[in-house]
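Chain IDs A, B, C, D and E follow the sequence of writing; residue 1 opens each chain.
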Amino acid sequence: MMHIGNLPFIVAMLLVILGLYALLFKRNLIKMVIGVSLVETGVNLFLVTLGYRAEGIAPIYTHAPTAVSQVLPTPQALTLTSIVIGLATTALLLSFAVLVYRHYGTLDVTKIKELRG
Amino acid sequence: MIAETIIQVVTLLLIVLGGALAVWFKDLLSSIIALAGASLLVALEFYILQAPDVAIAEAGIGAALTMAIYVVALRRTRRKEKE
Amino acid sequence: MNNQMSVIVRTITRITYGLTIVFGFYVIMHGHLTPGGGFQGGAVVASAFALLLVAFGTAGLKGKLNHHLLQTLEEVGALAFLGLAFAGIGTAFFANLLANSGAVFGGAVPAGPNAGVLNSGGTLPFMNWAVGLKVMTGIASILIAMLIGLRKEAAE
Amino acid sequence: MNALTTHAPILIIATPLLGAFAAPLIGKLGWTVRTAFAGAIAALTGCFAGLLAATLYTGGGAPIVYVLGGRLPLPSGLAAPIRIMLEVDGLSAFMALITALVAVVAVLYSVSYWKERSGGALYDSLLFLLIAGVFGLVLTGDMFNFFVFLEITSVAACGLIGFRTWRKRSSEAAFKVMALYTLSGLFVLLAVGLLYGQYGGLNIAYLATNLGGTMVDRVALALLIAGLAMKAGAVPMHMWAPEAYGEAPAPVSMVLVANSQASLYALFRVLFTLYGQSLSAAAVGWILIVLALLTIFVGVTMALVQKDLKRLIAFGAVSQIGYMLLAVGVGFAVLATRPDFGLTAITGGIFHMINDVACIGLLFLAAGAAIRASGSRDLHSMGGLAHSLKGTTVLFAVGAFALAGVPPFNGFASKLLIYESTFQLSPVLAVIAVLASIVLLAVFVRAFQAVFLGPRLIARPEPVPWPMVASMVVLAAVVIGFGLFPGFFIDKIVTPAANALWSGQGDYIRAVMGG
Amino acid sequence: MKRAVLAAVFLFVAAFLLLAAAQMRPFGSPASALMDDYFLANAQAEVAANNVVTAVVFDYRGFDTLGEATVLFAAVVGVLAVFRKLREDER
């Protein structure tokens, strides 16, 4: 197998960084939520890459070929948990964004600050 | 083996591209679609990394349902990032 | 935005949503054997539901499903999951008391790769069902609450 | 050991969870049933927490381990725990007591506070979720499980902060706080991932035995400190805290203070138990001290300029987080050399936690009663409430003096310990801490005078119902009791907690890993 | 000014994360798999499940799953609370 080094780790971190960028520098509330989603996706990808074992197969015995190593199950379980948590937080964040829009008529953070007075 | 590696590298690069597009687009709907695309590619990457359980969850929850919730939220807010 | 999409979308939805729901239930049922489980299956069923909402709007669902019923079902799922965890408290919270016991889903599985025995896993299949119920109804009620809340606002 | 004692750690978490899951169903049966149910759940939770603490303190202080779905010892010769464990040492039990106090008081206060509002059952459900989450945070012995509970508290807390959906600022605050909480949670998760990737385990005790001083460990530590300090409301990420405390309903503000303290507890746990002496302690200790001083300074100065009563108290709460951080930072800075005053500092910091939650909670509840009675939150338009709300006036005064560290109230007892020990490390630090306290006293005297004294501005304020008064009296009793007999409480409950940090790392690890 | 500070912090964090990723043990070779090998070896005997991930999710780490279900429950209750019907005097 060709050596790809730590590329998967780096890609996961790049997703986290992109998400942080959107969260810190974008002014639109929904864009900020997209940033949070990107950070979540990056962390999930990071967790799964941690559990990969070179030449391993999925940790499921049903119809599995014999005598090969299997990848680690725990990070997959953790990722399942964190995906659902991500959905829950995204839903709540978007609900609040809609609520803010209803009150202020805008999604722009700077305009909200002005309107608040 | 070489083919698999190439697929994996391309997938990883496309994931970063999808994420960057999601941040870059000014139109929020395009942004959300880019995010969902990145999520689907991440699901593919999970499959390549021998995590079919997580791949199904990411495709179903991370891409489809998250996008549905985003679209619902967009309906009554603005579609453009700046107006 | 128009609530009702074109005829094509509605026709495709009519054909596919039943299949999607059946597939979701299959994924929940076989969670302890094949990839999938309560969360994934619940998500699949919920996405069929989201498809229905997109195609027919919330008006089409009136009478069939309202979010009070969904909320109640979700609480039932959550309580069932907590109850299953409590059931093992003879040993410890979350102990799998049905595995290898010979009762429902209490069959043993052979070691190593095999074709899979549906009647195994102990409390796992029950937990899969509880979580599946919880996830599908929970996500569906999030979607409905957001849509109905929005419609009320539009009417004002 | 009977079954109830054995299972106490999980029952503490499971009971409020049951309450949360069942509350919307029970809510359909009407207000009386709902209230009775909430009260029963809160009382049961309190009993279990008391039982757990009593078991631990009478058992000589050795950590209690509860394995979910299994039993100790570890399976045949395996050097890694495989199941999730709850691990309760002196500090966890102490935090559980704080949470139980807050939970019972908050539920009691909410009974009438939320009677004539919409969505009461949803409110109950979210409150129990928040309480269960805080209990989980302080009892768990597993890093990923900790993250899960962090998210439970985040989601439930933000649901409560945004609960008054008709208020413009509530929705805005809820969004902001949720984004920050999620970010802090993801930092923690990233750190957990890094540690798992290096050592293949998630149990705190297991990780503590394996941690070295590698680069990745340090990155993980930095992420953990950043995430947890953010959630505790320390400078520089403190801006969410006044928004959250200010916009949440009064009892929830109090629970949120306990929630911040739970994050602080986790920070201490990470520093002392997880990393211990495997890193150069002094440098990290000094970073904490600087953060703490900044937090105290910002909290006190911002409180000076507030016109909104709840925000004023909120900034007071931010400054108190700084005192705890200061004390434990001092303790951590000298952990390697172990002079006597290190333990004193930690004792002061830990003791200040319960004092802080009691007097800040009392202030929030009294302010909630005053705001409910007058229908205003503005200091300048409240005036003269002492004429009609005599009880609330006295209770607010008790809370304010205790917070500012005036004897004989409890704030004085713990702050004295902090001053003494900080002085021995560096007199300048102690002077700053004392000055900040004096300014804080001025702030609260001004607020008290504006709200309660002076001419009567509100013609007929609403009377305060008895459950609200009763819950405030409970907190006032804690404030006065701990102030009058500090020695007794320090001996009984604070010293075991401080020892758990100062010298308990070995015990904590042995309880799980054996040997 | 504020934006410049923010940008500096952001760049610092980004560099930090990339450094951590580069310093990790090589991709595809876990440093320690004591816990996971135990799951792989014993899940079939102890939990009677062929899918080890499900065995971990619902048995070995079932408490996490309960917590996760709780987070989803909290989010649902939160969303329902946000969009609930208000009383007249609350608007």
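FYI, contacts are C-beta pairs under 8 Å (C-beta built on N, C-alpha and C of every residue); 3 or more make two chains touch, one makes a residue touch a chain.
All of these numbers come straight from a predicted model, not from anything done at the bench.
Undergrad: Of all the chains, which has the CA centre nearest the overall CA centre?
TA: E
Undergrad: Centre to centre, by mean C-alpha position, how many angstrom separate chain A and chain C?
TA: Each chain reduced to its C-alpha mean, chain A and chain C end up 23 Å apart.
Undergrad: Any idea how many Å lie between the Cα centroids of chain C and chain E?
TA: Each chain's C-alpha centroid was found; their separation is 20 Å.
Undergrad: For chain A and chain B, what's the span in angstrom between their mean Cα positions?
TA: Distance between chain centres: 10 Å.
Undergrad: On chain A, where are the residues touching two or more other chains?
TA: Residues 4, 7-8, 14, 16, 21, 33, 49-52, 58-62, 70, 72, 74, 76, 78, 80-81, 83-85, 87-89, 91-92, 94-99, 102.
Undergrad: Residues of chain C that contact two or more other chains, please.
TA: Counting only residues that touch two or more other chains, chain C contributes 33-35, 37, 39, 71, 78, 82, 85, 93-94, 96, 109, 112, 114, 116, 135, 139, 142, 146, 149-150, 153.
Undergrad: Quick check on chain D: which residues sit in contact with 2+ other chains?
TA: 17, 21, 24, 68-69, 144, 148, 151, 155, 158-159, 162, 165, 190, 197, 200, 202
Undergrad: Using the touch rule from the top of the page, what pairs of chains touch, sorted by label?
TA: Those chain pairs which touch are A-B, A-C, A-D, A-E, B-C, B-E, C-D, C-E, D-E.
Undergrad: Which residues of chain C touch chain D in the complex?
TA: 71-72, 75, 78-79, 82, 85-86, 88-89, 91-96
Undergrad: Quick one: in the complex, what on chain B touches chain E?
TA: Chain B reaches chain E through residues 51, 53-54.
Undergrad: Give every residue of chain C touching chain B within the complex, in rising order.
TA: Its residues touching chain B are 1, 27, 35-37, 39-40, 43-44, 46-47, 50, 53-54, 139, 142-143, 146-147, 150, 153-154.
Undergrad: Would you mind writing out the residues of chain A in touch with chain C in their complex?
TA: By the definition above, chain A touches chain C via 58, 60-66, 80, 83-84, 87, 91, 94-95, 98, 102.
Undergrad: Which residues of chain A touch chain B in the complex?
TA: Chain A reaches chain B through residues 1-2, 4, 7-8, 11, 14-15, 18-19, 21-22, 26-28, 30-31, 33-35, 37-38, 41-42, 44-45, 48-49, 51-52, 56-60, 70-71, 76, 79-80, 83-84, 86-87, 90-91, 94-95, 97-98, 101-102, 106-108.
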